[in-house]
Amino acid sequence: MQSQNRKLDWEQFLKIREEALKSWPTGQEVDLAEAIAYQKQIPASRRFGQRLEEAKKEGITLAQPRAGVALVHEHIELLRFLVDEGGADLLPTTIDSYTRQNRYNEAQAGIEESRTVGRSMLNGFPAVNHGLTACREVTEAMKVPVQVRHGTPDARLLTEISLAGGFTAYEGGGISYNIPYAKEVPLERSIRDWQYVDRLVGYYEEQGVSINREPFGPLTGTLVPPCISHAVAIIEALLAAEQGVKSLTLGYGQCGNLLQDVAAVRSLEELADEYLERFGYKNVVITTVFHQWMGGFPQDESKAFGVISWGAATAAMAKATKVIVKTPHEALGIPTKEANAAGIRATKQLLNMLKDQPPLVNNEIITEKELIKIETRAILERLLEFGEGDIALGTVRGFQAGVIDVPFAPSRFNAGRLLPARDHNGAVRLLDFGNLPFGEDIKEVHREKIAQRGKLEGRDPSFQMVIDDIYAIGKGMLVGKPR
Amino acid sequence: MEEKKQLTLILGVIGADVHAVGNRILEYAFTEAGFKVVNIGVMASQEEFINAAVETNADAILVSSLYGHGEIDCRGLREKAIEAGIGQIKMYVGGNLVVGKQDWLEVEKRFTNMGFDRAYPPGTMPQEAIDDIVRDFGFKERC
Amino acid sequence: MQSQNRKLDWEQFLKIREEALKSWPTGQEVDLAEAIAYQKQIPASRRFGQRLEEAKKEGITLAQPRAGVALVHEHIELLRFLVDEGGADLLPTTIDSYTRQNRYNEAQAGIEESRTVGRSMLNGFPAVNHGLTACREVTEAMKVPVQVRHGTPDARLLTEISLAGGFTAYEGGGISYNIPYAKEVPLERSIRDWQYVDRLVGYYEEQGVSINREPFGPLTGTLVPPCISHAVAIIEALLAAEQGVKSLTLGYGQCGNLLQDVAAVRSLEELADEYLERFGYKNVVITTVFHQWMGGFPQDESKAFGVISWGAATAAMAKATKVIVKTPHEALGIPTKEANAAGIRATKQLLNMLKDQPPLVNNEIITEKELIKIETRAILERLLEFGEGDIALGTVRGFQAGVIDVPFAPSRFNAGRLLPARDHNGAVRLLDFGNLPFGEDIKEVHREKIAQRGKLEGRDPSFQMVIDDIYAIGKGMLVGKPR
Amino acid sequence: MEEKKQLTLILGVIGADVHAVGNRILEYAFTEAGFKVVNIGVMASQEEFINAAVETNADAILVSSLYGHGEIDCRGLREKAIEAGIGQIKMYVGGNLVVGKQDWLEVEKRFTNMGFDRAYPPGTMPQEAIDDIVRDFGFKERC
């Protein structure tokens, strides 16, 4: 079936729903009317979107960690700890990788083994296996809003259980939770499955329950140029808005160059407003999320604190609405709750020290913003052409043609022809454009900047430069130096 | 390695793991070092590793696991190799093998007990494994 | 005797010298000719000023910790550790507080007690008591340049021993090591004693041995407005230059507001060039040092890492030549070597990630720079008037009159009438100007900005606001909020 | 405290210590709380503390030490008070009392053994000491 950015017909939605809820026994616990009634009595203080809107008005940046363990009580204890000892403003429930792949049997084995060995054998919280009551136990135990964060190409059942379970925000999207998170899932399918998710959220919205939706901004987290992640974010915003989503948080993963990062956050919000307006989606509230560096981290904890703090500072200077926090254990493994809280505390120290300072502005930021906008529009316009005006169709065709392309993505449905590299200032540029629909003028900007770096380093730009950049932050630099 | 037999390595990321960056670099580094690399990519099942090894008559299997489920995912791989009649194949494993920051010597033991010839801690540079493999296969110097 | 900015007569210098060297037995070990010969064979890689000049040319920022313990071998081990495990680019030898007050008997007791109990009972390295040979042992054991850092109003003997001991850089000054570090020492005396120090350094310079000199920038480290510390830095630069010092590093302690801090570092260098030029001092190389936040720190180590990282980032964005590094133990006590190295590693991660990024420029920085320059010039010009053209005399008279005044200083010879407070953006302004010679236009700028904060906080500016600001960073903020 | 006797406190920073900021805040906070504060400032010797207490007939001595030499500087203060005939005077000490980050309970014991009635760890807020003093002198509520 051809992809189309069109609101899912309700009857059709219900038919899909029946099937989706059957895929694991806990699906049967969900009663939509009861779920909406349940969501309605959740107090404002636990509504994710509301907290974000307030922060946006105040001009402050909120801190949110990632966290999830296999067992319910341990998970509750973990989240409480992150608020009490870390000062987290917003909470996550990170889902384990088996659940993300709908491998509920394996998740079940992981739960049981975790009980036996007394430590979490899963890399997240298996919400589907635990089911609705357990989810409510988690969300009710918290005094701040909780979001589900995952990486699931087919998240229909997980969404049903999460929303009925009292989570008030939900991460993901048909592109951003497929291309970086799967190998064999066709885009048509993940886009359709995420239209289901968005339709469900839209339905809650129609019933007076606002659920915040957040496309996953950083994609593969590794040298993704802003125009690529911005294009994906805006496509997913348009897809979500069509299904009736009203509260949207668009994301971007830190690249490390201050001016580029600030320009990226600002241009993301402006571009989203521009496209939502153009396609007639009204009353959608856009907020932004900045992810602290998502690529390889230094193993040393002090250096990791340096990277974390730089991410926090950049988020604050860009005035992103929230920042996703890394931990000093990042390079080694899922953090202990102590390490997780430590990352939040360092982050909040920076956010608090910077919240009264004015947002950063200068000419380079304006120039960079313009560049990002031109690039992003070039991609989006070509996709719209490819889709004969339909962004969903255009996206599927565009990925096929490599007109949009995500670096280092595992998916077979991604061309994988881009080669990003840093320029002499550490901003992420493109060494190989693949099939990106950029004009020669734009390409020349990239080439010139990377050439300048090559000259400084006395070498020709090559894949070795890309590798050096991948390792760089982990080895205590930004621009990867020749060995 | 020109004058010696070119070793064939099976490379892949096991389980539901999609971490693709390290895999891409390993492919590049081992190829540059002169090995024949058969990269089965991310989200590879135990069966895919074994089948690829049998089909290409490979000398070694290199398993990556980054996402924390390595302990669950790798269990039984040596047994599958034995069943498939390639029980003697060298097996190496690396990445972020377990959930969380754990004592490496303990983790290493868990994986060698599972039948891996060598296990590598987080952040291992490709060169280290290249040197080990060259040594394990009885070559005196780097190819 | 009246203070005067005039090169010390050599005969007079030698007379003072004889007396100074007698104040503790180790003074007799110093033979000036031998010392200069010794200094001459120190390789370039261990010459402090040279390393700074290279860094200035490269446009990078070097990291230097503070560190010192009671016993020689422990001190060597500590410094080695900071290079090997911390990656320090430059090393310190921080002197203990008894030595700083010339209380060598108490220092001796501290050395002996440290030997007995097996931990350092002194807060620094008692260089005078250990003497010349021990100092050479220390400096020779290092592969990077080592500086003596202290806080000594009368440092004549310490300087003799330090320079003969192979240190290639020396911190302090007649104002900056008196007003914040003493209670009863008249300025005339400390200025004269530091003219001796500078003359000695000038003599080494004449003999072809360049010693780097660094006035202590942050003063009391607590809400010191840039114009105050800049005025002191420039006075001490002029005093040093007159005695023949050629390598000068001027310092500034982070206030916390990015734009003010960047403007401060830049204006400091420009003002110094301006005044040195005006008074005809040629071939003086000026470099800058940025001190990570010098006031009260948070006790929590993660938060401390946040503060440290913000200091490192600001230093890099300002392109200071070096940054003095704090540690995660700052609020609690002299750091272990591990904590000290941790602070350096976090700092270096930031410096390295930012070194390729361009220096920060924008309009606010330009405006702020202009403000700082006008304020600093206002103070310096009035001092020159007071001194009838002589900056030494003007300084003594100006401190008496409160025309220059250091907040929170312990010295009886400081008026102590200033009240600094942060404005709504967190920049340090003045709530009470004391007798500072500012025009009404400048005063209005300060009043208006603090009033804006008062309005936001719904309170009138008062001493309570100052107290809140003193506690703020320690409690995880920048602008102290009403309780 | 209006209706009770106004307590007189000697405040100062002992030894070669010049940390003046906390001292200034303590003076302000104790004065605001209704005590009579005699502040002898920084770099105060043991003799200065004792003399000031004798001269003003003080009720308590509050010693600050920030710079790490507190252990050396405070030793013998109680004995000096006894010699001066004010052996019963209450003595409080606070700041960064020792060199480095040490176990607080141990440090506290060292200072109470020296004859201090109470010792306070780094970062103590003035209010805490105010409450303690009010209690130690048998007042029921805050003045």
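By written order: A, B, C and D. Residues from 1 in each chain.
In this section, contacts are C-beta pairs under 8 Å (C-beta built on N, C-alpha and C of every residue); 3 or more make two chains touch, one makes a residue touch a chain.
The UniProt protein names, listed by chain, are A, C = Glutamate mutase epsilon subunit; B, D = Glutamate mutase sigma subunit.
Nothing here was measured: the structure is a model prediction, and the numbers come from that model.
Under the contact definition stated at the top, no chain borders both chain B and chain D. Between the Cα centres of chain B and chain C there is a gap of 55 Å. As a whole-number value, the distance joining the C-alpha centres of chain C and chain D reads 31 Å. For chain C, residues touching at least two other chains: there are none.
The touch graph of the protein chains shown is a line. Touching pairs of chains, sorted by label, consist of A-B, A-C, C-D. Only residues 97-98, 100-101, 103, 106, 109-110, 113, 119-123, 151, 180-184, 220, 222, 295-296, 299, 329, 331-336, 339, 408-410, 463, 467, 470, 474 of chain A touch chain B when the two sit together in their complex. For chain C in complex with chain A, the touching residues are 256-259, 298, 300-303, 305-310, 312-313, 317, 341-343, 345-350, 352-358, 360-364, 424-426, 473, 476-479.
Partner chain A is touched in their complex by these residues of chain B: 15-18, 20-21, 24-25, 28, 41-43, 67-69, 71-72, 96, 98-102, 122-123.
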